[in-house]
Amino acid sequence: MNAVLLSGLLGVVMMFASFLFRTKAPVRILAILGMAVLLVANVLDTKGIHFFHVNTTGFLSFTGYALFFNTIVIACTLIFFLISSKDMQKVGNHYAEYFALIFFILTGIFLVTAFTNLLILFIGIEIISIPLYILTGSAKKDLKSNEAALKYFLMGAFSTGVMLMGIALIYGATGTFDITKMNIAGLLKSNLLTAGMLMLLFSMCFKVSIAPFHFWTPDVYDGAPNVFTSFMATIVKVGIFVGFLHLFYTAFDAIALQWKIWMAVLAALTLLVGNITAVFQQSVKRMLAYSSISQAGFMLFALVAMNETAHEGLLLYAIAYCLATIGVFGIISKMTDYSFDGFNGLAGHQPLVALCVAIFMLSLAGIPLSAGFLAKFYMLKAVIQAGGYMWLVIFGVLMAAVSAYYYFRVIQAMYFKEGPNHFSGISAFEKCVLVGICVLIVFTGLFPNIIFGWMYF
Amino acid sequence: MYLLAIDWIFIIEKLVLIAAIVTLSMVVAMYATYGERKVAAFIQDRIGPNRAGPFGLLQPLADGGKLFFKEEIIPLASSKFLFILGPLLAMVTALLTSAVIPWGASMNIGNRTVPLQVADVNIGILYVFGVVSLGVYGIMLGGWASNNKFSLLAAIRGASQMVSYELAMGLSLIAVLMLTGSLQMSVIVGEQYNAVWNIAYQPIGFIIFFICALAETNRTPFDLPEAENELNFGYHQEYSSMKLGFYLFAEYINMFISGVIMATLYFGGYDIPFVNEASLAQHIGENWVALLTFLTLMVKALFFVFVFMWIRWTIPRFRFDQLMHLGWKRLIPLALLNMVITAVVILWLKK
Amino acid sequence: MNITQLLFWLLTVIAIGSALMIVTSKNPVYSVLGLIVTFFAISGHYILMNAQFLAIVNIIVYAGAIMVLFLFVIMLMNLSRATETLKNKWLQIVGAIAGSCLFLVLIAALKNTEIKKNLVEMGTGDIGLVKSLGRELFTTFVVPFEISSVLFLSAMIGAVVIGKKE
């Protein structure tokens, strides 16, 4: 509960910061400090020290898993702030408000990871979505950003409507919003429940851009300002994924046989669509948008498997995917040309940056010794353990191989081609952060047990 | 008399009451136009209408007759249905509000207690709000259907003004609701009956409510939708004959009803000041007391109608940005503050 | 069939009819009006279930505020029959098929619910009245109730970010 309340409060603090400080530097420092405080508070919460004693009347339950995931989310956001907060200045004048909105989004993520009641799920998803619509359209002079925001808003609002309808049907079938008390096994043949569950499934799929519901993703990720694409493609996406897993693991596990096959089909379709389309992209930013779809396909493996390994795998995936993508976007937002050609010869101009990009790309592709490899490995292992979906595992491996093609294209452009410098410069501090992210990625890839040890501590 | 499981006497009783209230509102509105001219004349040191009947008392009838017999013009390029719907909605919403108002103490007719209130619903005052918030449509649809730039501008002005001031109105009202602990109109009056009126506890709340009521009824200084020097004639520029009459009429009905509501909420409703109605009833009978209480309410309401007119002929009109500024940056924070202070005091006293 | 059932079916017909009008009407202003009528009919259903507060809030918020803003936008943008753009036949066919599928699913879902038992609950049960609703909101449902304030605050900040001049 520490993190939920504190992040809400910090959002309000950031709101006031916008007229307390005339310059932007103190706002940024305040945001970073706030995030650090949030991190500490959440870690303390994990250790059993609660700042606030709130009777949640059975609406929220903060399990160790949720708290640990929240720690990852906060840490990733901290890193995101460290590397990208300066670039947020370029977006528009409402610097402090952007931070406030991000803090609110974190509140939403904490709710979504810890809900035990569908009402909270709905409110959490909305708290995540509404600030995101605004952040997407925050570059007001940019037509593409406006279009993306409108598209995202219309589709997002529609999918929220579908979700509400689903929740209503589930309430009709079970008589409760509490996912721990639904007693679904007795309602195996209930059409009402099935329809409700399908609607919830579709809307959640929409929120994490699973294949037939992914059409908004490329446009929105492409149109939104770089810094916010980075945030919404990583932290928000994995946050909702954990909620997705939590929902289906807790509420609908009893009728898993009914929907698991569809989950597997969705995963395969997402992998196929994401990877194949990513291959044909000319802009790295758009490529990353499609790659985020394909990564979502891998994360969906957790919902096919639904076991302990899947839970661990999703955590690892969150770390690996967030770190690498935040790093890449941190660099992209300092580039003047986002196309593959823009990266030509980067190794010559900026060897350290190019090395970092290479490591990020390798991790995203899932090359051994990186966190990305381990994450994919855990996902595949989880599905194998669950049994019955060998075809999905093979297909996943195949698609991972395809994805290597477009990730390597960036590396090839940087190291084996010549071109003018499209990189606008980077401060020493940001370089340190980039190197730090790389170290974290490799470290996680080498010693995942330390992270799990910490989790079960 | 039970047919189809319906208590027909009940229905008849309510129908009579509704008819009476609607007629009353109409007559009051009719004579409010006369009153308005007389007040204006008084303030401007003139005589005012004095030709039709004694003291010009038949003037409203003459006006009504004139409006009925004027040529009805519907602009060709307008949406005919919406053009007619506009004044209709304005009139209907103006009249609907009266349904939940307690007009007086209960009567006793043939051993049957007849409350002088059409519907004593649980949500009372919220119903009034619901209907008032629909009043916008009359203006908007009429203005838009006229297919005239000035009308459209006026309609949009009117709508944004009403939506904005509804907020402050609602907030100021919450303080009253916290005092009484109910939304039911009869309970709100009952709390003040033979006790201290709400105005003693809520002076600021009343002032805010009053200002918002001025804005909601589009009266000066908030009559921007009809600002003739800026928008020709406002949203009813293209209207003629009785459709125009309905718009003008609806304004006066709104004035009267908002006067009644202010009296009900803040000035004890139908409570006769300094008189114990229960002991009076023993002397002169329940029905006479009901009549007296009803007359008291009318006096209070008509006083507010008079104040409305008084303001109209003394205060100049706002500019639109000033109006929005007042609504959003002054009244809403003030109403919020009033609400918070009231809440704190109530909690403190209960402790 | 008693009077409440009569009212129920009347309101249902109005709701569905006006909902159809929203979709089929060529003039967006009529669509908005249809939506308002739908809201009224649904409020009527709420009243039949004695959920008075819900009914009136539905009218105040949706019919009284949100639809006014809808009308605003439509009037200011001067949308009329001439500006209809969607002409792709395939898109329409696919949309019709998808919509019918959804309709089928919902019919299947609702077909054996206990609709025969209790059509309306006129005047009985006070769960929808202000008092019990308020008590529920501030005791059992206080967590979501308070948390939703974060949602509204973020929406407000968003409005400022989007609406304010750069």
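For clarity, chains are labelled A, B and C in written order, and residue numbers in each chain start from 1.
Operating definition for what follows: a residue touches a chain if its C-beta (ideal position, glycine included) is under 8 Å from a C-beta of that chain, and two chains touch if they have at least 3 such contacts.
Fair warning: this is a prediction, and the values are worked out from it, not measured in the lab.
Peer 1: Which chain, with its centre taken as the mean C-alpha position, is closest to the global C-alpha centre?
Peer 2: So the chain nearest the centre of the shown protein is C.
Peer 1: For this structure, which two chains have more C-beta pairs in contact than any other pair?
Peer 2: Top of the contact-pair ranking: A-C.
Peer 1: Between subunit A and subunit C, what's the gap in Å when you average each chain's C-alpha atoms?
Peer 2: Their C-alpha centroids are separated by 32 Å.
Peer 1: Can you give the whole-Å distance between the Cα centres of subunit B and subunit C?
Peer 2: That pair's centroid distance is 28 Å.
Peer 1: Based only on mean CA positions, could you tell me how far subunit A sits from subunit B in angstrom?
Peer 2: A distance of 54 Å separates the two centres.
Peer 1: For subunit A, which residues are in contact with subunit C within the complex?
Peer 2: The contact residues of subunit A facing subunit C are 4, 8, 11-12, 15, 54, 56-57, 59-60, 92-94, 97-98, 100-101, 104-105, 107-108, 111, 117, 119-120, 123, 126-127, 130-131, 133-134, 137-138, 140-141, 169, 172, 191-192, 194-196, 198.
Peer 1: List the residues on subunit B that touch subunit C in their complex, please.
Peer 2: Touching subunit C: residues 4-6, 79, 82, 121-123, 126-127, 129-130, 133-134, 136-137, 140-141, 144, 152, 155-156, 159-160, 163, 166, 182-183 of subunit B.
Peer 1: Which residues of subunit C touch subunit A in their complex?
Peer 2: 105-106, 108-113, 139-144, 147-148, 150-151, 153-155, 157-158, 160-162, 164, 166
Peer 1: How about subunit C: which of its residues touch subunit B in the complex?
Peer 2: For this pair, the touching residues of subunit C are 2-3, 27, 29, 36, 52-53, 55-57, 59-60, 63-65, 68-69, 71-72, 75-76, 129-130.
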